[in-house]
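Just below sit the structures, each encoded as structure tokens.
Across the two complexes that follow, chain A remains constant while its partner is chain B and subsequently chain C.
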Partner chain A sequence: MGRPKGEIIMSALRHSPVHSKHIEPVKRDTAKSLSAIAWGRLRRNPVGMFSLGIVAVFLIAIVASALGLIAQDWDRQYALSFAPPTFMGSSQETSQEDGVSPSLPPALTQASGTQLEMYGLQDPLQPVLDQLNSHTGHDSDPLIGLSAETPMRAATLFLGADKWGRSIALKVMKGAETSVLVGIAAALLATFIGTVLGAFAGYWGGWVDALIEWLYGVFTAIPYLLLVFAIAAVLQQKGVFTIILILGLTGWTGVYRLIRAEYLKHKVREYVLAAEAIGASHARRMFVHILPNVSHVILVQLSQQVVNFIKAEVILSFLGFGVPVDVVSWGSILNETPNELILGYGWQLMTCGLAMATLVTAFAMLTDALRDALDPRLK
Partner chain B sequence: MAAYLIKRLLQMIPTLLGVILLVFLLFNWVGGDPAYVLAGKFSNPQDIANIRRQLGVDQPLFIQFGIFLRQVLTFDYGLSWSTQEPVSHIFLTRLGPSIALLLPMLILETLIGVAIALAVAYVRDSWIDRSLTLTTTAAMSISLLIYIIVGQYFFAFVLGWFPVQGWANHGESWVRYAVLPILLGLAVSIAPAIRLYRTFVLEEMGQDYVRTARAKGLSEMRVMLVHVLRNASIPIITTVLGSLPGLLIGAFLLERFFSIPGIGREVIMAVERSDFPVIKAITVSVAMATMVFNLLADLAYQWVDPRVKLS
Partner chain C sequence: MKTLLEISQLRVSFRQEEGAWREAVRGVSFTVPESGVVALVGESGSGKSVSSLAVMGLLPPRGSRIEAGSLIRFAGQDMLAMTPSQRRQLCGADISMVFQEPMSSLNPVFRAGDQVAEMLRLHEGMTRSQALERTRELFEEVGLPDPGQKLRSYPHMLSGGQQQRVMIAMAIACKPKLLIADEPTTALDVTIQRQILDLLADLRSRYQMALLFITHDLGVVSDIAEHIVVMRDGQVREQGPASEVLSAPKDAYTQALLACRPPLQGRPSRLPQVEDFLGAANGADFTGGKASEKQDVQTTHQRETVSLQEEPLSAGHQHGEPFVQAPLLQVLGLSKTFQIRQGLFGFRSFEALKKVTFSLKRGETLGVVGESGCGKTTLGLSLMRLQAPSGGKVLFDGIDLAALSETQWQAMRRRIQIVFQNPYASLNPRFTVAQILMEPMHIHGIGRNERERLDRAIGLMSQVGLPVDSLNRYPHEFSGGQRQRIAIARCLALEPELLILDESVSALDVSVQAQVLNLLKDLQSTLGMAYLFISHDLAVVRYLSDRILVMNGGEVVEEGAADALFDGGKHHRYTERLLASIPGQHLRIQGNPI
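Our next item is the complex of A and B:
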């Protein structure tokens, strides 16, 4: 018999002591695990399954884009500046032949070198430009890239193009990758911190609890976004990792509150006392015995946090405190849109807003469905 | 009552000390040496040493903490690094516009939210209720950034009904400038408010006293507006009071888009300019306001519902 002593006693506690060995396999066949029951409930919820499908589509696309399978060349200039979506048709058909965008004022198209010659000046950047030209293989002006030799740019594009002629569809896809990955990573970090602190505070009580409660009081006294701004001001270097850290380190309070309450409730339950009786260590009781029993709370919180952090990342990046300039996220895309609107181009705003609203709604509905499936007693 | 008040005020001290410590560690320890930021790109060691002495950052950390503590207690945070304006003056002058924007917004949100919540809770599970739930879900899913961007573009730029940007502190021009930001703020906040207040109202409608009131033959109007509303107002008042300090910061996007010289916009600008004294002052002050308003919310709770025992 290679079974550890504790397990025999546990199974004896669970079942009647006499038939324990006989009954056990039968029970295992009929009794479903909590996750199987929850999955069954979720499957019967059409709204939940529908939103799960949408979230899954987003996640698959994001993984594909992170692996470089799609949207890899999102920053290639496919089309003319602000090319309209294909289904809208093009008003720029005539200009397609000479490749010069009519939306640019004439002064700007002239600027490609001719002005400098007019004044008899040497362009100090000419060597650099020549080097760039030899790299790209054609001798157009790489800075403006609108001279006649440029490969023909499309006048229309699926969902349109941005100021630089990049595909909005690919750009929003790439932005989704950044925003959602930041949201998920920050949610994992925040949920982890909240769970560990909540477990310690709830399980140990006493001065440990008092100390962590004090920390909680301090963090909740400062409005969340203000705290995030303060940290963003202090950390000078921008980056995806920094923003994950900021959001994760500040966003743990909600999870902590719930997990602490759960641990307070569970630590006096009989199964935990039984675990103590068979000599399970504190750490084992906290994380092997109690943790699986509160995991449904953690899962729901995690799902909710992802939505919150996606929204927070969008606002931070919009303000310029989030992702660096060479990374595209939903926030940095939205940052471009007020000026585009004034010029009369709304496709980027629409596409990005729609993608964001779809994911956020689906995620929120999935969270509700998860909550219903995992804990039917809750409303 | 007085004993309770004193106890609560005493309990605030460790939390406030914690906030001060957190802000201090963030800016004086994590943040690194501000002298390099202030001295600019063309500096020499002498300048940097001078700046360090002026700011007191050449002192050990605990003395710096003492300086910061004194700043908090005397509400004198020194001068702004970027404008050389006294920080307390910045804070006090920016408070007015923020409140002039937020107070009408909060009052309207509460009145409209409660009215709609009462109405839909009364016809609960009807198609009106369900379609409103659906509408609020959809409304909440759209980023507030998009509300503001599109609202400002459409109502101010395209239709020209309102000025695109600007602010006046009082009078007719205040109305002219404030209406659009307030409406857009309402558009963002009304959906979650309705949902929250609806659950409060529904909770009360299931109580026995409602059945008793109906059994007495009271009109539905009276049952809803006197009996239910009065009891539902308890959690509503606490929510509204508790949300007030957070709103000061929450309206930063409105303030930024419409160039309203309020607290939120000041924070954003201070972060952009690395103006640490301003951020420190606003963070600590808003945290204090949050704690005070939480206490006020608890007191209001007892005032509305005398059954609640303060302990």
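Our next item is the complex of A and C:
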């Protein structure tokens, strides 16, 4: 016997059931999971909370516009073409009585008022125009004059108006809906593909890894835009869904690389070996044990991808490969602005650019804060 | 003797995540005399490393602060009043430091020689060739074989002991007055540890420098130190000349630390624990934030008394008692060869296990001891089929494990379980304790419903001496010893017949280690499990084992009864070297009255 019997009985007496129930409780009363700790850490980060607030405001506005609560009649022509924002004032208000478009710059107004020197050529449409002018009773440019006729239209708008007199504020809001939807949906798709492929490649290694690495190599070897064009050409149609597919199918590579590395690291950790020792299956080890432990990487990647894809949608739509003409997005709005800038109307670019910059910056800062908060190195 | 370093009322605080400041060092005072050896001894969290980093000025500038009223004086100069550049001049030239992990202390992209030469060029203003010449001398001095070639070697080409020698060469390059060594031998094997300790003692007398030696190991301390400072929770518990502190400790904590180590002579049935010395109320004060380790294994004690009567065969056997049953585990000529990639296409094979043969009976403990790279961990993993063996047979209860199909093996898993070394890594941080304990039951269909499994989990918790109300907590809320108890409970959930303990107490502090060792002994006498206890620590192996297997280079060099191995008789060359390297032998031989 290991110990004298008397001692065992003594120790049994010393640790009588009444005594043993009196075990000192562990410090806190509520169990704190890692995610609860991460949330607490995020809450203590003022920058993180501020950017989270901005992102939340954007998301609420987008959901509201998607439900038709706001910006439903963004299509309505509220104001005169290129009506300036209210805070800039309307210097042309007086000129409206002359029947001249309020928003035309002076140089152009003069030009349209006087007959242009046509290098001795006769405008073949001049008789028709004269006739039209005599009918309407205006001697100004008939096309511009038409818009001035609608009496309800405002001369200025909160953030100005576009070519068709639509409110830029509402248009940008509606555009945000498309852009952010594309950003989030494409990020979800890309992160999902990247995570699944990364998990399989990292966990299994061997020929599975080689095969997926090869696929990864192919995708990263082709110049990005060229790849996007190729997929767009294959899909053969323009639309929001197409854009999501294009971005999702091309954007998974970064996530894949990180998740694969994480799985390589985690699959040899002792807790995974311990899970194998108690008989946990491969699927269980991959998705029940390891996945939650790399979830911080996935979350940070997801939020970074949203930023990337919002920008990517804008770039694609700007280049004309994006959403169809009847859908408004930040990209299609920016697509209109180069011509406007030549004419001297900067407000559509300003509003849209500001909205985009705010959301993207806030999202990027939120990503940073998330990364800090989710750092799994616990003391 | 003149005082070289004086630390007085040192208080260091760290910023907590919540923004509050927590004092890690709470008014520590001690002095280091010129060319004296002072050891700072304490367990993790005692503030011993923080104190030394404060001397070097290496505390993180944000997130830590030295409180007003603290004083660090080196050779009469107030170090805390210096500008950073003055301090840099002092550190490196007059004070230098050797860290615990030699591999991470050396920059992997520079040659070893250049890294030491850099010190000389910076502080002594030597040219490159002068510095390299001096480095070569230094390498000779620290006993590096073939110093000329080692100058051009990159850190990864050197062994752990050689790396630490390079670090020491760097530290003594500028002939410092004070060398701070922060656990310089903890990461090294016991035979290498012995060499490094001898080297440090030798260099100290040759260079007439003072040595501030930081360690958790009282054995090491007794070999090297003249003066000992025992720290706990940021405070000095006791200090005095080494001979006094070690032979007649006044403080209860020091007494406890000395007694918790498994002795090399004799074999107590239980190891004393810190609480036995400090008393329950006192002990709770010191454990700070984490729940204290002090709950004993009360319930197992009760079970023990019961089971002793019920199953006299499997429980409470005497060590060394002959067994009559058939062996539970038979390992016959087990080998494992790793293919290591060399160059672009080449492969080199590395034999981790060479025809290992042994057997293990029910309820018996077989200790496997050896230094890093001897194949002992590979052995444990191969038995669990976590690594496929290249040859040989493993018979468990007469069944060939390698021949089992996946489903048969799945059923067999219930009977063999493993506890890993690092309790911080072996528990899934995203699982609650209840999830961790109930997962094996789910997988193996133990218990009819959730309720029943939960009841079992509660039973397991009390069996390993953890509070039952902590089932909904996450691993990070527990201390190291408690986590190891959880890992043990997870294995017990399957009621295994063989438990492989792979360095299961090596990562724990001495006092916590004693508790876990006691728990393992209690569990064995209650449940009659067989243990395969793998460790590098001879004293710990000896304490727990009936028989011991000594491994070197993948081979079993010696096998024998635990007590016979330490009887001082004739043994295999390697075993004798191992035994001679155990630090603190004279301390143990003197014997502590405790």
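Please note the rule applied: the second predicted complex is superposed on the first by the 283 of 379 C-alpha atoms of A that agree within 3 Å, B and C clash if a C-alpha of one lies under 4 Å from a C-alpha of the other, contacts with A are read in each partner's own complex, and residues count from 1 in each chain.
Just so it is clear, a residue touches a chain if its C-beta (ideal position, glycine included) is under 8 Å from a C-beta of that chain, and two chains touch if they have at least 3 such contacts.
None of these values were measured; they are calculated from a predicted model.
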- If you stack the two complexes on chain A, which partner ends up touching A:Asn133: first (chain B), second (chain C), both, or neither? neither
- Query: Is A:Ile278 contacted by the first partner chain B, the second partner chain C, both or neither?
  - Reply: second
- Query: Should A:Arg44 be classified as contacting the first partner (chain B), the second (chain C), both, or neither?
  - Reply: second
- Query: Touching A:Thr86 in the superposition: chain B (first), chain C (second), both, neither?
  - Reply: neither
- Item | Contacts on chain A seen with chain B and repeated with chain C across the two complexes | none
- Interface with chain A, chain B side, in the complex: residues 14-16, 18-19, 21-23, 26-27, 30-32, 137-138, 140-143, 145-146, 149-150, 152-153, 157, 245-246, 248-250, 252-253, 256-257, 267-268, 270-272, 274, 276, 279-280, 282-283, 286-287, 290-291
- Message: Touching residues of chain A toward chain B in the complex: what are they?
- Response: 214-215, 217-219, 221-227, 229-236, 311, 314-315, 318-321, 334, 337-338, 341-342, 349, 353, 356-358, 360-361, 364-365
- Query: For chain A, which residues count as touching chain C in their complex?
  - Reply: 1-3, 7-9, 11-12, 15, 17, 19-20, 23-28, 31-34, 41, 44, 269-271, 273-281, 284, 289, 292-293, 376, 378
- Message: Show me the residue ranges of chain C that touch chain A in the complex, using the header's touch definition.
- Response: 17-19, 269-270, 284, 289-292, 294-296, 298-299, 301-302, 304-305, 308, 316-319, 381, 384, 386, 410, 413-414, 417-418, 420-422, 425-430, 432, 439-440, 443-444, 462, 467-470, 472-474, 476-478, 487, 490-491, 493-494, 521, 525
